Amino acid sequence: MTADKKVTFEEAMEQLEEIVEQLEEGDVPLEEAIDIYKKGMELSKLCHDKLKNVEAQIAEMITEDGKREPFAIAEEE
Amino acid sequence: MTADKKVTFEEAMEQLEEIVEQLEEGDVPLEEAIDIYKKGMELSKLCHDKLKNVEAQIAEMITEDGKREPFAIAEEE
Amino acid sequence: MTADKKVTFEEAMEQLEEIVEQLEEGDVPLEEAIDIYKKGMELSKLCHDKLKNVEAQIAEMITEDGKREPFAIAEEE
Amino acid sequence: MTADKKVTFEEAMEQLEEIVEQLEEGDVPLEEAIDIYKKGMELSKLCHDKLKNVEAQIAEMITEDGKREPFAIAEEE
Amino acid sequence: MTADKKVTFEEAMEQLEEIVEQLEEGDVPLEEAIDIYKKGMELSKLCHDKLKNVEAQIAEMITEDGKREPFAIAEEE
Amino acid sequence: MTADKKVTFEEAMEQLEEIVEQLEEGDVPLEEAIDIYKKGMELSKLCHDKLKNVEAQIAEMITEDGKREPFAIAEEE
Amino acid sequence: MGTERYLTVIALTKYIKRKFDKDPHLQNVFVKGEISNFKQHSSGHMYFTLKDEKARILAVMFSRYNQNMKFQPENGMKVLIKGDLTVYEQSGQYQIYIKEMQPDGIGELYLAYEQLKEKLETEGLFSPKAKQDIPKYPECVGVITSPTGAAVRDIITTIRRRYPIAKIIVYPALVQGNQAAPSIVNCIKQANADGQADVLIAGRGGGSIEELWAFNEEIVARAIYKSELPIISAVGHETDFTIADFVADLRAPTPTGAAELAVPHIDELAERIWNRQSRLIRTMRESMSRQNIRLTRIRKSYAFRNPQKLYEQKLEQVDKYAEQLKRGAEKLFLIKQEEQKLLLKRLDRARPQELLQEAKQRYENSNKYLTRNMTAILHSKQKDFKHILSSLEAMSPLKIMDRGYSLVYSENGELAKSVKAVNVNDKVKIQFSDGSAECTVVDTEGKSI
């Protein structure tokens, strides 16, 4: 799981999507399917966490940005 | 029966199918038919268990997934 | 950030523009995008601060200049 | 600034004009622009002072000249 | 100014005329212009004084001459 | 002026004429002109005095033996 | 040989003419004779024959020489002639070309006069170069004439009237008779020795040529010539010309004229001085006035009156520049600010929120299908299983027994398909469709076919 941290969101998503496709094709042996599914669920969690993280950062930036003071000269005009 | 554990769900299903076909052919002595049938019943149980097992795993993972917090931003919009 | 202090306004603006373009092109991986965006925000703040600084200096000089007495003869005519 | 004292009015004006043009053309880096502007303000002040000086000298000369008695011959005619 | 005393009236007048022309042409550098103007004022004063002086001398002689008695002999006849 | 005493009337007249002509030609520098003028006025006075101051002369006769005697016109003729 | 030795007539004539022309005795010849055959051409030239009792000669007097003659020649008139001899080529005649002609009668005096005049003229006594200037303003005038004549009175009166400041010294001279010439010479010498006079007037009133003769004497002429004092001659009337007149520095027609020539008029002179003086003053005033106007013009010149123009425009320019500078700086600042704002706006717009949304969407999709697909697989497998299970159940051999059949298994567990497979007392098992029963064989009986 620690190795996965270096995986980007996109890579993780691609893997996840592959897994979904694989599962969709349907002729996956059951045991294999459940293993794949599990892997998928892990990836899904990874992506979810990454998204949450990004979301938090953006939220923070918006807050900071709002505090910025405007220009005096620009207002004079 | 222990050796059978290594049999995948699909192999078990195949064997089951073969058994059904054998039985359908009809010229199997009854005694043999009963044996075959018995075998079929065993296989059937195996498959059933495997399915149950998988179902349980899925259910568990869904539950876990359900605990994951939702995205804040996504809801805002 | 301290290293950036030696960056000129124009250099900062150029970097910012590159960042904006990169972001606008849109095929930046999510995490990278958020990093770039953060960098962009910093650059933007840097530019903003530089402008505020210049604005203050100009304003001060104009005020000084305003104290300069007008010509006596020029007014007589 | 002391070195500038030896600059003639015309030289100062020429420098000032160049500076004005530079600023009006607009492609001056911001930090440089403020220096240029400062320089321009100094030059403007220098020119202004030189003119004030000339004005004062002329005014003095005119006053002195005004005290001079008119010609007798000129009046006879 | 003492050196100018040796300048003749005509030289002074010529210089003065040159100065007026120079000033009227108008494109004289400021510092030079004020020097030229000063010089012109001095020359003007110099010429003025010389004329006044000459005028006084003429006036004095005419007065002396005016007292001259007519010819005695001429009247006898 | 004492030197001028030795000037004959004729020389004085000639100088006077020359001076008048010189002045009338007009291109005499002012300082020189006033000197010439003064000289002219002196000469004029000198000539005038010479005419005025001499008493009417009586005609003399010098006899063959060198004796001087007044000469009266033989009015009876 | 041939004709070369024969001269042409013209050559011969030219030769003869040259002989005449070269001979000094034939130039300026004085001849006297009687006029005959006198003719005056319309051109004014005179042609006549000069003759005496024994000879005759052709004479020509061109109008140039005769127009000032005081008499009109006529036939039979005796005349004194001066002229040159030469040959008139066309007629081959020698002729005298007359330069001067006098009626004969004065005789020797006139000849002497002419000869002396000629002599002195040749010596250069009459030369203009020998003439002295007459002083313009003499302090003393010497008068050489008879103290009793009208001439001295005229001279003194005139001088007194015109120029009373001049001293007059009369040098009494005899002006006629034998002693006249030496007396005049004496006076000239005396006056020169005195040195008092600035100019001398020598002359007398009018009279006959004999009466005036002293002034034609050589000694008088030479004395006049030698005199260091300038001499004005005043002999007789205007028409009288004496040798003295020729040699004098200035000839006056009359004694009164001589006095007028000797001295200026004092009033005119005073007037002249006044005039010069006033011209001086006027010129000086004009010059002053001119210079004054010139100076005034300069002082009133635009450049002088408006020295402000020297810097006013520049002042305006400085102000303009200062304004431009300010505006330039502000504009530049605004441009930069605008650029920065624009970028900021773009940055805001490029905020990776959308990217995040997309990512979320993508994620949600995949996430949804992950479980869905898995569930689908499970269901499919379940379905397959159920199907097979029911097929199996349908084929169950046990179902035959439902119709009342049972299976008998021998003691070794094998299905007993014949009665022969069992013996009495064997323990067998009967399998029913719904259960089994353990039994002991009691009897056997084979079937009779």
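Labels A, B, C, D, E, F and G are assigned to the chains in the order they are written; within every chain, residues are numbered from 1.
Just so it is clear, a contact is a pair of C-beta atoms (placed from the backbone, for glycine too) under 8 Å apart; a residue touches a chain by one contact, two chains touch by 3 or more.
Model, not experiment: these values are computed from the prediction.
Undergrad: Using only Cα atoms to place each chain's centre, name the chain farthest from chain F.
TA: Max centre-to-centre separation from chain F belongs to B.
Undergrad: If you average the C-alpha positions per chain, which one ends up nearest the average over all of them?
TA: D
Undergrad: Just how far, in Å, is the C-alpha centre of chain G from the one of chain B?
TA: Each chain's C-alpha centroid was found; their separation is 128 Å.
Undergrad: Could you work out how far the Cα centre of chain B sits from that of chain D, in whole Å?
TA: 102
Undergrad: Let me have the rounded angstrom distance from the C-alpha centre of chain A over to the C-alpha centre of chain B, please.
TA: For chain A versus chain B, the centre distance works out to 34 Å.
Undergrad: What is the distance, in whole Å, between the centres of chain D and chain E, each centre taken as the mean of its C-alpha atoms?
TA: 34
Undergrad: Give the residues of chain A touching no fewer than two other chains, as numbers and ranges.
TA: Residues 9, 30, 33-34, 37, 41, 44, 48, 51, 54-55, 58, 61, 65, 71, 73 of chain A each touch two or more of the other chains.
Undergrad: Touching two or more other chains, which residues of chain G qualify?
TA: 164-165, 266, 270, 277, 284-285, 288, 291-292, 307-308, 310-311, 314-315, 322, 329-330, 333, 336-337, 351-353, 356, 359-360, 367, 371, 374, 378, 381
Undergrad: Of all possible chain pairs, which ones touch?
TA: All chain pairs meeting the touch criterion are A-B, A-C, A-G, B-G, C-D, C-G, D-E, D-G, E-F, E-G, F-G.
Undergrad: Please output the residues of chain C touching chain A within their complex, sorted ascending.
TA: Where chain C meets chain A, its residues are 29-31, 34, 37-38, 41, 45, 48, 51-52, 55, 59.
Undergrad: Could you please specify the touching residues of chain A with respect to chain G in the complex?
TA: On the chain A side, the touching residues are 9, 13, 16-17, 19-20, 23-24, 26, 28, 30, 33-34, 37, 40-41, 44, 47-48, 51, 54-55, 58, 61-62, 65, 71, 73-74, 77.
Undergrad: In the complex of these two chains, what residues of chain D are touching chain E?
TA: Residues in contact with chain E: 8-10, 50-51, 54, 57-58, 61, 64-65, 68, 71-73.
Undergrad: Contact residues on chain G for chain D in the complex?
TA: 285, 288-289, 292-293, 296, 307-308, 310-311, 314-315, 317-318, 321-322, 324-325, 327-329, 331-333, 335-336
Undergrad: Please output the residues of chain G touching chain F within their complex, sorted ascending.
TA: Its residues touching chain F are 135-137, 139, 147-148, 150, 152-153, 156-157, 160, 164-172, 186, 190, 194, 266, 269-270, 272-273, 276-277, 279-280, 283-284, 287, 291.
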